[in-house]
């Protein structure tokens, strides 16, 4: 099983990276950009085959390590690996 | 009021009544609320309540500490500006001034270690460059919980990365600090950051607003809902559910800070600025109130002009936001366009948000309506001042070395200390800091004081941060003295003249008389040392309520000292440099083991009673010994010097050997030289933490000369051995009490922290 | 020697390199703000260390897309000497003036300390004042100095003598212990095939006098002067 | 329109961040983790309403700035914003 985790800054939390990218894109001549936010994307391969258990486990990983709930939100998607 | 990550704050237009709950949530007592009503002649609205609450918070008003802080000496002929401005200023000659300050960011760093520490660095940098200085060095003093506490490793890693992440990006070298571990910080770490800047003495900027009608300008980042109520958070005790107050943590943007530094310094090179002030804790509110109060004027602010990052912000939110990387200025009329050009060049926001009035009031408009109107004087001068009751701490008994057991093996005891949590090398920490950027760092981290060259000259600036909290717990008065004396000694040990200090006073809940007692005694002790050493306090910061669920941290008055040397070519450093140098111990060794790291880490003593009284600081001897050592370095006689602190003589010797290059230069010492007549047992001589002592290593001819001078000047100095070989050997009554190879010591010393952090 | 230092927003070693250039070459460099469109006629262009654009997104990425770098690229193809230190090296790889990429250090931490380097090619215009295989000490101070390139690129770099500096250990070996950041082949600095564009992570401008802890960085600037005189 | 861009390291490029996460997760006691890779996730709000044009534009952003072809791959998803 593969878990795909997105960790993003909570709305309202300053995102200096996103701001800088936005700036740079408009310097490059791209127009009509309303805003850019940057987050992390983490892919985890798991031996667990039970989806509910896997989800609970990844949820726990997010809480314990992958995100800091002070400033970040996370979301989890599960995906069966081909051939597993 | 803060739920589920979203700050939900009632809009003032809802005209909701101020309830007792709201007053309490703002950390105000009923009595304080009554004062507000009296000052306004009516009930405040929610925005005004918020503004009063931050202005009267412990963090902004110093209501518990003021009466004690007033007793500190703040003057000397070289002091240009003492406490009260953004940072303290001293004169170092040649039309140069040093501007410096230390500040805490304890609570945010516990909640979000990386961002908390990073924004702490950002905040203290702004305090310094707002006065016209280019920041030239950063320092930090860090206290973490017990190494085996489940949170400690994560906090160390985040805090160190955060300090580096910010300081490295803005390009200011982080050159020194201190790092220690103690279980009392398990739920409340300390992150104290210090910035030192260099300015032209005739081009210093202050915050007093002046000139009725002059424009008030906002520059830097946009305002968002960041850290609303950070100041009140820093003024409240920690409980488990404080972790739910999370959105009060801000994210730092060092890139913007770097631009802000450059833009401000560029504008400061012109004559356009009348007054300038960073937006620190309590943001727009406290900066405008302070500027207006200092200048004796009023401010009209139009919140609609404030650059905003988010939509739908209320006046309450805009006034209390602690968004980072922002400054407020008053410009000379007509210079707005010139200034705007500079900030636009650096890609920063620039907005005229108000003007100076003669009303003496802070008047805030929002969407055409008055959103707040308060007398400035009441926000500042009516802030409560408390003479909180306090009780003197229990003085622990003096312990006699003869009553304290010797270690089973002296070498093992030494290895345990230098290879343990508190005395092992901090290289893992400082290698994450760019300590060389600006290409003027001449004494890198790892020595007694860090030294940076004053750019373009031969002058050197020495800095050290110190505090020994276990001494402060045993006797806050002696501990306060000792912290000041130790910075003075560290600065002296490199050959610089100590000039002034800043402080960061970290204590528990001041409403408890025993904590207030620690505070009062520590401040009294600091004051005594400052007076005796001609070493005034020019800036500082108080952090109270450092408690978790009712348990306080060790009293931790961290001191940051600054000194100057005429030439960096004549500077002393810790490492042994030559074989066959004579080693001389300066200062008296009485074998004082009370509150020593030996008792704590080798004998495992824990309670204050078991640990006993800390070493007394004889300030006259401290000054005499330091004033003896410094000229030896200045005259070029001594290039190798180290002061004695934690772990006493044996640890200092080991550090000098370990710091020497290429496999290490060892030393042979005969303990018999140290106090042949005194009945001090060997472990007292080796591990005793008597104050006011230095080790120097010099060639034989110079040694003879120095010993003669010491005798003439009545300074205790004794030749205790010589450098040589590749081991530290200590003889005592014909036996080898210690024999450890420098490389074995080095590997123990260097490996503890990296091993701990990677485990 | 006429030189220029390109200053990006949040470059922070711009003054350090300017001071070194003036001290060693005797002439102050032009400081060229990234937003300025013209670059004076110079013999030597330095891209300094620092955190251009905060190093947000990827180190050097945004700077590499700035108009001034387009001009630097034109000068480089005309044969002018271009030298990128640390963030400057990152900019050069991002701009495609040098092959490969600089990734997050293998240890993930920022690292600031002196390292040992071996001069692998003393035949370049940047290194002629060093001896071939000389071991020198210079500081590194970076978070993203882990050099990566695909096998083919690495082979070409090695075969053409384009690897100019390599991290080595106390014994002068290009071992894992000598490698501070995980760089492939212990690569610390590379030159382009034309021999006029050099990028390196260590900071020669920080060690040019004994007071700062050493002077092994001097010879790099001396080399550039030599090359210019003999040209 | 909102574009969601994933920038991931090419297979074969060592991912020290992913490795470190994997390590920490197993230190925390999570079992059966086969591998972790970390990438970037960038959200861009665009004024463009034509999906094909938006896609072309974001593709160009990826090539010009958002990814480094030496080490990274990218993928783009477009999403209509609610209420637009």
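Here the chain labels run A, B, C and D in written order, and each chain numbers its own residues starting at 1.
Everything below uses one rule, namely that a contact is a pair of C-beta atoms (placed from the backbone, for glycine too) under 8 Å apart; a residue touches a chain by one contact, two chains touch by 3 or more.
All values derive from a computational prediction rather than experimental measurement.
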Open item on the list: With contacts counted as defined, which of the two, B-C or A-B, has more C-beta pairs across the interface?
Closed with: B-C
- [ ] Would you mind checking which chain's C-alpha centre is most distant from the centre of chain B?
- [x] D
Task: Inter-centroid spacing, chain B versus chain A (mean Cα positions, whole Å) - done: 37
TODO: Could you give the separation in Å between the centres of chain C and chain D, each centre being the mean of its C-alpha atoms?
DONE: 30
TODO: Give, as an integer number of Å, the spacing between the C-alpha centres of chain D and chain B.
DONE: 41
Open item on the list: Please output the residue numbers of chain B that touch at least 2 other chains, ranges allowed.
Closed with: 253, 255-256, 347
Task: Multi-partner residues of chain D (each touching 2 or more other chains) - done: 40, 64-66
Task: Shared interface positions of chain C, touching two or more other chains - done: 53-54, 56-57, 62, 65
Task: Of all residues in chain A, those that touch chain D in their complex - done: 6-8, 18, 21, 24-25, 28, 30-48, 57, 60-61, 64-66
Open item on the list: Which stretch or stretches of chain C touch chain A in the complex?
Closed with: 53-54, 56-57, 62, 65-66
Task: chain A-touching residues of chain B, taken from the complex the two chains share - done: 5-7, 111-112, 115, 221, 224-226, 246-247, 249-253, 255-256, 309-310, 323-324, 347
- [ ] Would you mind writing out the residues of chain C in touch with chain D in their complex?
- [x] 57-58, 61-62, 65, 93-94, 99-101, 103-108, 146, 148-150, 182
Open item on the list: Per the contact definition, I'd like the list of chain A residues that touch chain C in the complex.
Closed with: 16-17, 20-21, 24, 27-28, 38
